[in-house]
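Structure in structure tokens, see below.
A, B and C are the chain letters, set down in written order, and residue numbers restart from 1 in every chain.
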Amino acid sequence: MRITRYAATMAAVGLVLAGCSSDAGEQAEEAADNTVEVQENVDFEAGTTMAELAEAGSITIGTKYDQPGFGLLNPDGVPEGFDVEVGKLIAAELGIAPEDITWTETVSANREPFIQNGQVDLVVATYTINDARKQLVDFAGPYYVAGQDIMVAKGNPEGITGPQDLAGKNVCSVEGSTPAQNIRDQYPDAQLTLFDVYSKCADALTNGQVDAVTTDNVILTGLVAGNPDGFELVGKPFTEEPYGIGLELGDTEFRNFINDVLEESFENGDWAAAWDRTAGAITGEEAPEPPQVDRY
Amino acid sequence: MQFYVDNFGLFRDAFLTTLSLSLLGGLLALVLGTLLAAFRVSPITPLRGLATFYVETFRNTPLTVVFFFIIFGLPQIDFVIGFFPGAVLAIGLYTAAFVCEAVRSGINAVASGQAEAARALGLTFGQSLREVVLPQAFRTVVPPLGNVLLAMVKNTSIAAGFAVSELSSLLPRLVNANAGELVLVLIGVVVGYMLITVPSAFALHRVERRVAILR
Amino acid sequence: MSTPVLFDLPGPKARARIRIGTIVGALLIAGIVAFVLIRLNGNGQLDPQRWAILTDPRSGVPQALGEALLRTLQVAAVGMVLATALGLLLAVGRLSDHAWVRAPASTFIEFFRAIPLLVVIFALYFVLPKFGLEISAFAALTGGLVLYNSAVLAEIFRAGILSVDRGQREAALGLGMRKSQVMTLVLLPQAVRRMLPVLVAQLVVLLKDSSLGFIISYFELLRQARSLVEFFVPRFGNEYTFQIYVAAGLIYIMINVLLSQLAKYIERRTRRNKKAAAVHELPGVEDGPTGTPSRTGLSTTTT
């Protein structure tokens, strides 16, 4: 009895709402489709990873699903973002169409193990190249250089102009991320508040539960874009975070191939187009100068 | 071993956070849960309804959702709460529903003759509950209550996603910094929890045997 | 609860007092609800456009939540079946006469009762591949749910078996049944029936626990909700955050209430059964709608 009444109420509310439309729905209708040109005739030396992947016609790429502008899962369950587009560019050069890519979520805890175990062929996941990681995996790229920055409430009520002003302030970031570790190591007087995703940091800043949010500038720009009346960027990046593409340690041929693909895309405009479709579409910013590939 | 020596401070702080979350959350849950159980057997219908509604809501909602509403929902009605107090509140409110059910089952288990005798002596509802029924109920209730509280200790791990640096938050933190040491981090965290749960379970068995009454 | 023993049936005076109390209480609750609604409205949270996203198919939200609910139910259904089966085995194992069966069963139960499910799931998904055992997110989540909940269920079943009157076992042995027959034909059926309310309460816990799949990117209901929020934040800020989480919470409550109602229905059906009726006539066993048999005194473990 009680349940049927409950269900009836819910259904009634649902019907009323069904008549309304939401901003999100309207925007989704306007969404443009994005295409990557897939190479038709590919030919690789037998025995290389490229030949294996091209032969199989499919590739597994790990990315993050919670990085605004770089890797987010859309409501249809398909990842979107700059990382995703870079992954598609590489797959296209292997003759693999976007729909033949298997996307796997890789978080900070499993990027290296997934590459080592062969559970993914590549990781494109706002993955900062550093020496400790080079011991475990190889990096192609960088394909983008981010920098850690600070986001504050509109008008900057706390007067934060750089990381040195964070002492004694509540600073939000994500547990297990490189930016959080940087703050711990370099600015130990800052009070860290650590969530598992950046959207919670944005909420906490809106509610005044924290004074600032810090992570790579590209992610912060995404958050500012969502709430331009509420947030602003300090705009003085204080680290360099070269994002690389992780692959199995010692697979030099594959690494060289990816580096070639990246350099080509820097030159022919594919890279800039990928930026405009994703991170650029959110923030409205022009594509930056492409970075220099590091063939270490 | 060197790994644990290097990170001893981290493990200790995280352990203490988990312990204090458990103690404070448990206290809140016990007080509120007992009150709710009294409501559920009281003669006043709205109180019974309120308590039933409370229990059904919190028992059927994942703790993560409760956390979300405490930390990010309350500010929507202009109450902002700190992260640690928020975590204690979320864990306490959630666990109270289970404590209520455990205590109520204990109240139901007290032989009805006891309550009847108390009533016949002229004790009021409050008196018979306080002086006669609840003290006996708490004895039967030790094992289920113990289970509820042990589960609560483990539930504190949800707080990691809401800005409380307890034991589970060490998983992403230490793994990111020491990608090769996943198994060591995991063992450290598991041992941390077992330092709380195993002695508590042991103590509970002792208490259980001491208060056990033959009926 | 047939007739209340803790208080007299209220007389006319008491009834009047209760009525006043009821009105005051109702007004108080209505006041609180109104306060919350006014504050929410003040913060723009009641704007119909913000709620419409939940039903507007163009936003993709209703479809995404529907599919995620399906994934939650899948993992919960498989988990419930396997956890119950393993729980039964473990309970019987722990009650075995042979130490070599008893010891591993007890160790298993105590170990998995002592560590958080979150950690178990994390370990299955991230550590097993290190030893060459690749495991899907679905398998890791189900595995974690089964390992953890079977340990809890085993204790529930064990309490149920122990609560069956000793005479039943002795009589069955006296009839010349083997020990395994006594267990499967006499003790277990009664134990399961008796522990049904606690069993179902624990299965509700299992269903809620499937939300821990977020840590290994299994896109169950709650992770999907979080993912939708993440997706909308760079486009609309936190315009839809509150609404999406409210929806997820309500869906969980509805599913779990349905599950509990189903259990009550089954319980009423079995109560009509003559054989089952005998169970409930045992002295000292009095259980409320979700209460526990008194002598076993075991309750559910929450997570």
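Keep this in mind: a residue touches a chain if its C-beta (ideal position, glycine included) is under 8 Å from a C-beta of that chain, and two chains touch if they have at least 3 such contacts.
All values derive from a computational prediction rather than experimental measurement.
Peer 1: Higher C-beta contact count, B-C or A-C?
Peer 2: B-C is joined by more C-beta pairs in contact.
Peer 1: By CA centroid distance, what chain is farthest from chain B?
Peer 2: A
Peer 1: Express in whole angstrom the distance between the two chain centres, defined as the mean CA positions of chain A and chain C.
Peer 2: 36
Peer 1: What's the distance between the Cα centroids of chain B and chain C, rounded to whole Å?
Peer 2: 16
Peer 1: Quick check on chain C: which residues sit in contact with 2+ other chains?
Peer 2: 126, 130, 241, 257
Peer 1: Which parts of chain A, given as residue numbers and ranges, touch two or more other chains?
Peer 2: In chain A, residues 107, 109, 113, 203, 206 touch at least two other chains, as defined above.
Peer 1: Note the residues in chain B that touch 2 or more other chains, in rising order.
Peer 2: Within chain B, residues 72, 171, 182 contact more than one other chain.
Peer 1: Can you list the chain C residues touching chain B in their complex?
Peer 2: 1, 4-8, 10, 14, 18, 21-22, 25-26, 29, 35-36, 39-40, 42-43, 45, 110, 113-119, 122-123, 126-127, 130, 152, 155, 201, 204, 208-209, 211, 214, 222, 241-242, 245, 248-249, 252-253, 256-257, 260, 284, 286-288, 290-292, 294-295, 297-303
Peer 1: Spell out the residues on chain A that touch chain B in their complex, using ranges where they run on.
Peer 2: Chain A residues touching chain B: 107-109, 111-113, 132-133, 136, 172, 175-178, 180-181, 193-196, 200, 203-204, 206-209.
Peer 1: Quick check on the complex: what are the chain A residues that touch chain C?
Peer 2: Against chain C, the touching part of chain A is residues 3, 6, 10, 14, 17-18, 20-29, 65-66, 68-69, 72-77, 105, 107, 109-110, 113-114, 117, 119, 197-199, 202-203, 206, 222-223, 225-227, 230, 282.
Peer 1: Name, in rising order, each residue of chain B that touches chain A in their complex.
Peer 2: Within the complex, chain B touches chain A at residues 71-72, 75, 80, 82-83, 160-163, 165, 169, 171-173, 175-177, 179-180, 182.
Peer 1: Considering the complex alone, what residue numbers of chain C touch chain A?
Peer 2: It is residues 48-61, 63-64, 67, 125-126, 129-130, 132, 134, 217, 219, 226-241, 250, 254, 257-258, 261 of chain C that touch chain A.
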